[in-house]
Structures are given as structure tokens and as C-alpha cells.
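The following blocks contain the structures, represented as C-alpha cells.
Here come two complexes built around subunit A, the first alongside subunit B, the second alongside subunit C.
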Partner chain A sequence: MTLTKYFEIGKINFINSFAYTFDLLASSVFVALILFIFVSLWKVVFGGQIMIEGFTISMMLWYLVMTESIVTAQGHVVEEIGEEIKSGQIANYLNKPYNYIFYKYASNIGNGVFRFFLTFLVASIVVLIFLGGITIPLISIIPVLITVFLAITLHFAMMALLGVFAFWFEDAKSMHFIYQKIVFTIGGMLLPLEIFPFWLERISAVLPFSYVAYHPAKLFVNFSFSSFFSVLVFQIIWIAVISLFIFLVFRVCVKKVSVNGG
Partner chain B sequence: MNSAISVKNLTKTFRTKTREAGVSASFKAIFKPNYKKVHAVNNISFDVKEGELVAFIGPNGAGKSTTLKMLSGILFQDKGECRVNSLDPQTQRKQLAFQIGTVFGQKPQLWFHLPAIESFNLFSKIYELDKEEYTKRMLSLVKKFEIEDLIHQPVRKLSLGQRMRCEFVLSLLHNPKVLFLDEPTIGLDVVVKKTIRELIKKINKEDNVTVILTSHDIADVENICNRVIIVNKGKIVYDGSFERIKKQYLAKKFVKVLSETPINSFEMKGVEIVKKTKFSIELEVNTKETSMGKLIDFLTKNNTINDLSVEETPVEEVIAEIYQR
Partner chain C sequence: MVVNHLRVHWEYLKVALSTAMEYKINFIIQVLAMVFNDVVWIIFWLIFFNRFQNVGGWVLGDMLMLYAIITLSYGLSSVFFGNRNRIAEIVNQGKLDFYLALPKNVLFHVLISRSSFYGLGDVVFGIILAFIVLSLASLSLFLILVLASTSILLSVAILSGSLAFFFGNAEATSRNIFMGTLSLASYPLSVYQGVTKFILLTIIPAGFISGVPVELLKSFNAQWFWLTIGFVVLIFSIATFVFYRGLKKYESGNLMYVRT
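What follows is the complex of A and B.
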């Protein structure tokens, strides 16, 4: 019964995301533009080379298709939660028979699944037209989708943690900004970690940010079952650790929450 | 009858940051913020019986919403205890959630871009309602609130009054025992206000729902509630019937008299002359000290009265006076 509840919450968000068609179109155009720029950029960088740090040009761009799709799948979770805490709108959620954080998660997955596939579609079309396809083993599709789902979950968890901090800090926006830039860089959203100096690559590879972008995308363009299992384990560990933090922080905060506006 | 809500010595203190004006003070506040304690709710106690319709009023910042939020498990009290349907909102929030409904005039719960029916269906799942029962209840509520034609349109297309009626249906789907209404008529026009009031009374009567209402519109209170609790500065300053407020505080009446013969000045205990011309007089009468009959007797004996009107002090003013104590 409890699960159907969250499933319905996800569903209504999925339906609701159609209300923002313009928003979706705008972000799709933006994704297309970014991909187009990167296709041109990597063509220049690769020049005559076949491989850079173990990536061919098509791997490099399909990697980017994947990271873009994962990272843009979710909206502004940090701001959303922060704003709800700040404005007191959270009151509407706290007196319902569900868990606020799970509610938010279900909502974002509902939105996120739709946006993931949309971004993936748009980005793929651009890369297909201007560069060409990539061959991936059929057997990898389901494992990759699993890591993508966990990546979206982890991404949500980290943003939710930052959002919950709005109980203390007034402004969640700046935290979102910083987090976003971290995912862009050491999360491997723009460039695979191999491009970095060795020490930075090693550090980045174990941090949770790379399990949102780098690892799942790498798996997509260069699949092996052994790396799939290691990615899976680390994703689950990070999700567990961060969820624990969220619930600790939330528990403490909710007790001393002063709902604004009343 | 059982008590639906019982509150004992409830206290809630907020710590708010205070900051002095100026650059250096702002800079100092980063490292050493000053905190000020605000007693939002200060040791209040009351009991609400099942099926009662209670208005909870007071000036802004008096502690009304804070109390309501503690009752619905959103805020946690520092001291004292409260029970809603014999549940403790602090530890049994989830169980309590099934039994209470809320309508916040300023915090809509309907999905803005979707037809109301989608929100209804979602809530039926959230409250784990049986499908058949839910459909039956939903249809009867939809009929009661006359929103049959509205529930399939996106909520954003509805007027505020129509939206409010949908909000009510949404909050009543799970058949709550206690309904919290926080300024439900805010921003509505006179006609819609009246409909909403009638509906609140109807739900209370037909489903025996206990209703706690906050409002800044005294007419809401006068028309809906049989009991009023007035809070100010975190304390209860009045708890009783609306009628009693009138009796207790509305002792002053204004009398205007037009006469065909010149009126002479006179003195009478409890009567004060506010304004006097040759053929008219305005009096403020304290009915506790002088009966209206005695005054009118006196006036008719000495004058040939052309017209006489008696006015009460507007209730708003009385309440404002209570607030200011």
C-alpha cells in the first residue's frame, strides 16, 4: 500500500511535467546546442588521433550524451526543498501520511524519468547527425539502465541533503550552484576523469559526484560486468550514506523547525 | 461527548535572530548572532468537544497558526501537551494525519496545472482509501460543493472561489474527524464567502466534523462558530460564545434622536452626550448602568420625538479592543 502511494506521486508528477512543455523544449534546445558545440570541439581536439586517454571520439561524445541526460533529468531539487522550507509550504506535506523526503524523491523520479529519455533522445539525434552512432552490446542495456537509475537517485539524495540544510542557512541557491559546478567538473559531466592529472582522477573517482555522471556514462560507452558490479556497489553505498545524513539532519531539524509565516 | 482536542499548558518559544542596522552590526552578526526569544504560545489550555465549531482568532503573530501547527504535528511544543482524537501529534503524527484535514487559504494543495480530479485521485492513494468508498464519497462531496463542472478543468483556469471549493473537497476526501481551516475565506468576494461559510456549517453538522477555524474576518466567526477563542501575545484572552462577547463588551450603544421640539441638555447616569444641536442629540449609553427603556421614557416625556435610532458598537471594534489589552 505504501509503495503504491509513492508510485502515484511519481505518476502525477510525470503527468504534470507535460504542463511545462515550453520549459522542456527550451532545455532540449540548450542540450542540442551544447552537444553540437562539443561535437565540433572534439573533432578539432582529436584531429587525426584515434584515441585520447582510452576514448575514441564517438565514445567521448556518447559519454557526454549520457552524462547530460542524467544530470539534467532532475529539476532544481535544492531550491525546491529550500524554498518549501523557507516559505512554510512544507507544512502542507508534514501533516500527510507520507514521508516528506520520499515524497520528494517520488516526485523527482516521476519528472526525472521523462526528462532523462527526452534529453537522451535530443542529444542522440544531434550526435547521430553530426558524428555517427556507437555500437554497444545488447546485454549492457539493462545493467546500464540500472546504474542510470541509481545515479539519478544519488543525484537526488545529494541535492535533497543540500536542500534540507535550508533549515539552517537562508539561501539554498548558492549551495545548488556550487554542487552543480562540482558535478560538472570532478563529477565528470563535461570531461571523463581520465583527462585529469592522475591524483585528481583517483580522488574524483571515489567521491560520490562521479557516481552520478562519470561511472554510469563510462559504463555506457565501455561496458564490462566487473566494472558494472563495482559501480553498483559504490552507488548503493553512497546512496545509503547520504540518505542516512538526510534523515538525521531532517529529524533534528523538523523538531526545531519554525515554519515561517505563522 | 468526547473531547476532540485537549490542550494543556502548551508553550512554544522561537529563537529569532535579531540584528541592528548598519554595516558594522551586520558584520558582527555573522560571527556572533544575537538571538531573541519570542514566546509564540505561552502556556495555553483549552478543550474542544467533538463536533464543535471553534474560531481561533487574534491579531497577526498572536500564536494562532503556531498552535494549529502544533495540533497537526508540524511543530513541536517546548512544554505542555496536546491530544487530538486522543493521539499525540508529536509521536503519532502519521496516524493523526489520517484523521485530520487541513485547508490553508494561502497554501493551496491542489496541483495547479492539473484538473482537480487528478489531485483527488492522488489523495485517495495517499490516504489509502478503498476505491469504491472513495468514489462514492468523492461524488457526494463534489455534489455538495457544486463543483461537478469544474473538476475536469486545470485548476489554474478556475476562479479563486471555485478553487477554494475544490480545496475543501480535497481535504475532506478521507473523512477527517477534525478539520483545521487557516483563513479559508481570504481573498474571496462577499458572495463566495457566504457560500463557503454555509458549506463549513453543513460539513460540521452532517458529518459531525470538529472544525477549528482561524480568520481575520469577524463575519466568518460570527456566522460560523458557536465558540470563539481569542489569543493575543501567545495567551488566551477570551474563550466563550460569540453572544457573550456581545453581552459583555457590547454594553455601549449609540442613540440618535431627532426631535420636533428643541432638546435640552440633561444628565443621567451612564449616558453621555456625544453631540448636540438644537433639534437633535447623539448619546452614548452604557446599558449596564441605565436601561434603554428608562432613557427612552425620559426622552419621550420631555420631547416630541421625530426619529430615534439605536446602534451597537461594531464587533470589529470590540475585538480590536480585546486585542489591545
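What follows is the complex of A and C.
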């Protein structure tokens, strides 16, 4: 019963996203351009080579299709939450029969899932035209989608944590910006971790950022059940750890919220 | 006439700077965030070239040169022409009325009446990077090329912003065109081949923003140098022409607002 309301919130937002298809399409077109650049870049880098660090050129590009689609699936969660907490608007939510963070999650995930599929579709078309397809085992589709869903959730959780922190650090926008760049690099959105120097690869692989981009995308192009279970376990652990932090910080912060008038 | 415009520009800059200084901490955070962004991209390319050394003839040094040019041009255009990416919004919301009533060049006045001082982060970063990768002898050529890139960036912004005259709500499209061009310009020119390369040296002038300047700094070629200068003049003239052509179609808004 308690969970159904969040499911409904998510559903409403999923359906609502159809209303802004044109806006969303514009941002997907941008991702398409980036993929076009990546196709050109990796074609030159691969030259005559078949394999680089275990990646063929089509694995590399489809890996990037996946990372880009996951990472760009969500909007400005940090700014949204940061702004609502700072401006005191959060008071409107606190007296509702739902948890504020869960509410935000439900409304974002609905939108996020829609955007993920749209971006994935547009990006796939670009890679299909300029490079070609990739063969993946049919059996991997459901497990990969599960890790994608958890990746979007983990991504949300980290942004929500930063948003709550915006209560103290004024500038939520800059924080979002910096977080984004961390996911771009050591999260593996722009490059698979295998390209990194060994020490950096090891560090990045265990940090939560790579469970948003690198791990699910690697699984997509190179599936095995053993790595699926390990990714799954670590994603759940990181989501749990970060959620715990959110609730601790959020509690302190709600106590300090003072709302004046109406 | 020109002196008069420069004086107005100077006054606007002073006001913008003192506004930015009002919130010092925020200002510093924003500047640092811009620098952080640039540093992250440099790290990305360090990792990349550490593994691959050579991308179609481009090496790490070339890439650093490209970033020196692009961060400096982007930063300069943010600081001095801070409204460059808001033309579509200004036109669409009828805010152009304010500028039409004043005795200054409309386009110039629109561009300068805002200043994004956090672009200073990019400027400082670009200058430091330039001192690291360039020899003193090539400094004057570097400065000319930076001015050329800045002018092309501005022209792209004016052209994409002017779409709003013809299509109304073009804010997202205009921003995407600008950012798209900038993204294309942020990768080695050598990765683009054939038709793509031709397009990037004509319709989408990303090649002239960064790639050609880097090639010129590596080995100077008078023909390409003058081609770049010629291209700057051409695209800037087209941008100005399109803006004023669009202005004829401009229907003012009935929105009342206070400009503070």
C-alpha cells in the first residue's frame, strides 16, 4: 500500500514526459552529435586494430551509447532539491502523506526511464548508421535493464545527497556541475576504465560513480552472469549506503528549516 | 562613435563586476567550477594520450594548444559579450524593445549588456595553459587566432540566436547549435574526414574555431592563415546581416518589465 503511491507518482511522470517529447528530443539530438564525434574519434584510434583493451570498435561505441543514455537520463536533481530546501518550498511537501525524498525519486525515475529509452534510441540510430550494430545475447537483455534501472537510481541518490547538502553549500549548480564531471571521467562515461592507468582503473572501479556508467555499460557489451551478480550486489550496497547518508543529512536539515509565513 | 560604444561597454563591465562581487563566495565557487571543468577535460586527454599517443597525427601538445585557444575564446566571449547565448530568449520574449529605443548599435548593445564573470575562470585557465605549451615566439600569432576564434564563436551565437526572429521559440535549438559547434571544436580536427571535415570548415565552422588555429601554430601556412581571417570576416558579416534582416521581422512584445 505504502509503495503504490510512489509507483503512481512515477507513472504519472512517465506519462507526463510524453508531453515534452520535443524538448527531450532536443537533448537527445545533442547526445547523438556527441556519439557522432565519438564514432569519428574511435575510428581513427582503432585504425586497423581489431581489439583495444578487450574492446572491439563496435563494443566501444555501444558501450558509449549505454553510458550516455544512463547519465543524461535525469535532469537537474541537485538544483531542484537544493532550491526547494533553500527557498523553504520544502514545507509544502513535509506535511504531505509521503516522504519527500521518495516523492522526488518516484517523480524523477518515471521521467528518467522515458529519457533513457529515447536517448538510447536516438544514439543507437547514429551508431547504426555510421558504424554498425552489435550482437548481444537475448538472455542478457533483462539483467542489463535491471542494472540500468539501478544505475539510474544510484545516480539519483548521489544527486539527491548533493541537493540536500546544498542547504549548507549555497551553490547547488556548481556542485551538480562538478559531480557530473566526476561521472564523466572516473565514472567511465567518456572512456572505459580499461583505458586508464592501472592504479586509477582500480580506484575508479570500486567507487560508486562507475556503478552508474562503467559497470552497467560493460555488462551490456560483454555479458556474463557472474559479473551481472557482482554489479547487482555492489549497486545495491552503494544505493543503501548513500540513502542512509541522505536520510541522516536530511533529518538534520529539516530540523533547521525555518519557514516564515505562507 | 567607436569610442562612445567602448565607453558604454566599459561602464557595463564595471556594473557587472560589482554585481558579481556582491556575492563573493558564489562568484569564487563559480569561477572554480569553470576551472575544474577545464582541468577535468585536460585529465581526460592526458589519460587518452597516455594510452594512444597519436590520434591521426595529433599529439597531447596539440590537444593542450586546442584547449588553450578554446577556453580563452569561450571565456573572453562570456566576459565581454555575456548575452551571446541569450539572443533567442531576448527576441522571443520581446525584450529587444529596450535596445531599440536607445541610440547605440542594437546588436552590440544586446551582446554587451550582460557579463558572465565566471568566464574569468576559463580566461585564466587558457592563459596559463598557453604559457605552458606555447613558445614566446608564437604568442602574437596565438593572440590573433584567439581573437579569430572568439569572433567565430560570437558569430555562431548571433546566427543561432537570430533563429528566434524567424521561428519564435528557438531558445533550446539555439543553445544546442552553439554547444554542438563548441563540442565539435573540442576534439582533434584530424578525427574528422571527408564530407564531415568539409562541413566543419564551412556550414558548421567548428574547424576554424580550434582545429585550423592549432595546425597554424604547429606549422604556419600563410594561405590557411588568410583563409581563416577571410572566414572570420565572412561569417561575422553574414551573422550581422542575418540579425538585422531578422530585426525587420521583429514584433515587439507587450510585456512590461523593469530592467534593473
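Here are a few things to note about the model shown:
Note that in this section the second predicted complex is superposed on the first by the 256 of 262 C-alpha atoms of A that agree within 3 Å, B and C clash if a C-alpha of one lies under 4 Å from a C-alpha of the other, contacts with A are read in each partner's own complex, and residues count from 1 in each chain.
By definition in this document, a residue touches a chain if its C-beta (ideal position, glycine included) is under 8 Å from a C-beta of that chain, and two chains touch if they have at least 3 such contacts.
Computed from a predicted model, the values in this text were never measured in an experiment.
After overlaying the two complexes on the shared chain, residue contacts for A:R202 are found with neither subunit B nor subunit C.
By the touch criterion defined above, A:N92 reaches subunit B but does not reach subunit C. Looking at the shared chain after the overlay, A:I15 reaches subunit B, while subunit C stays out of its contact range.
Once the two complexes are overlaid on the shared chain, A:S174 sits against subunit C while remaining clear of subunit B. According to the touch criterion, subunit A has no shared surface contacted by subunit B in one complex and subunit C in the other. If you check the complex, the residues on subunit A that touch subunit B are 1, 4-5, 8-9, 12, 15-16, 19-20, 88-92, 94-98, 254-259, 261-262.
Interface residues of subunit C facing subunit A in the complex, by the touch rule stated above, are 25-26, 29-30, 32-33, 36-37, 40, 43-44, 47-48, 50-52, 55-56, 172-173, 176, 179-180, 183-184, 187-188, 190-193, 196.
Put simply, subunit B touches subunit A in their complex at residues 14, 16, 64-66, 69, 72-76, 93-94, 96-98, 100, 102, 104, 106-107, 109, 111, 113-114, 118-119, 121-122, 125-128, 154, 182. On the subunit A side of its complex with subunit C, the touching residues are 23, 26-27, 29-30, 33-34, 37, 40-41, 43-45, 170-171, 174, 177-178, 181-182, 184-185, 190-191, 195-197, 200.
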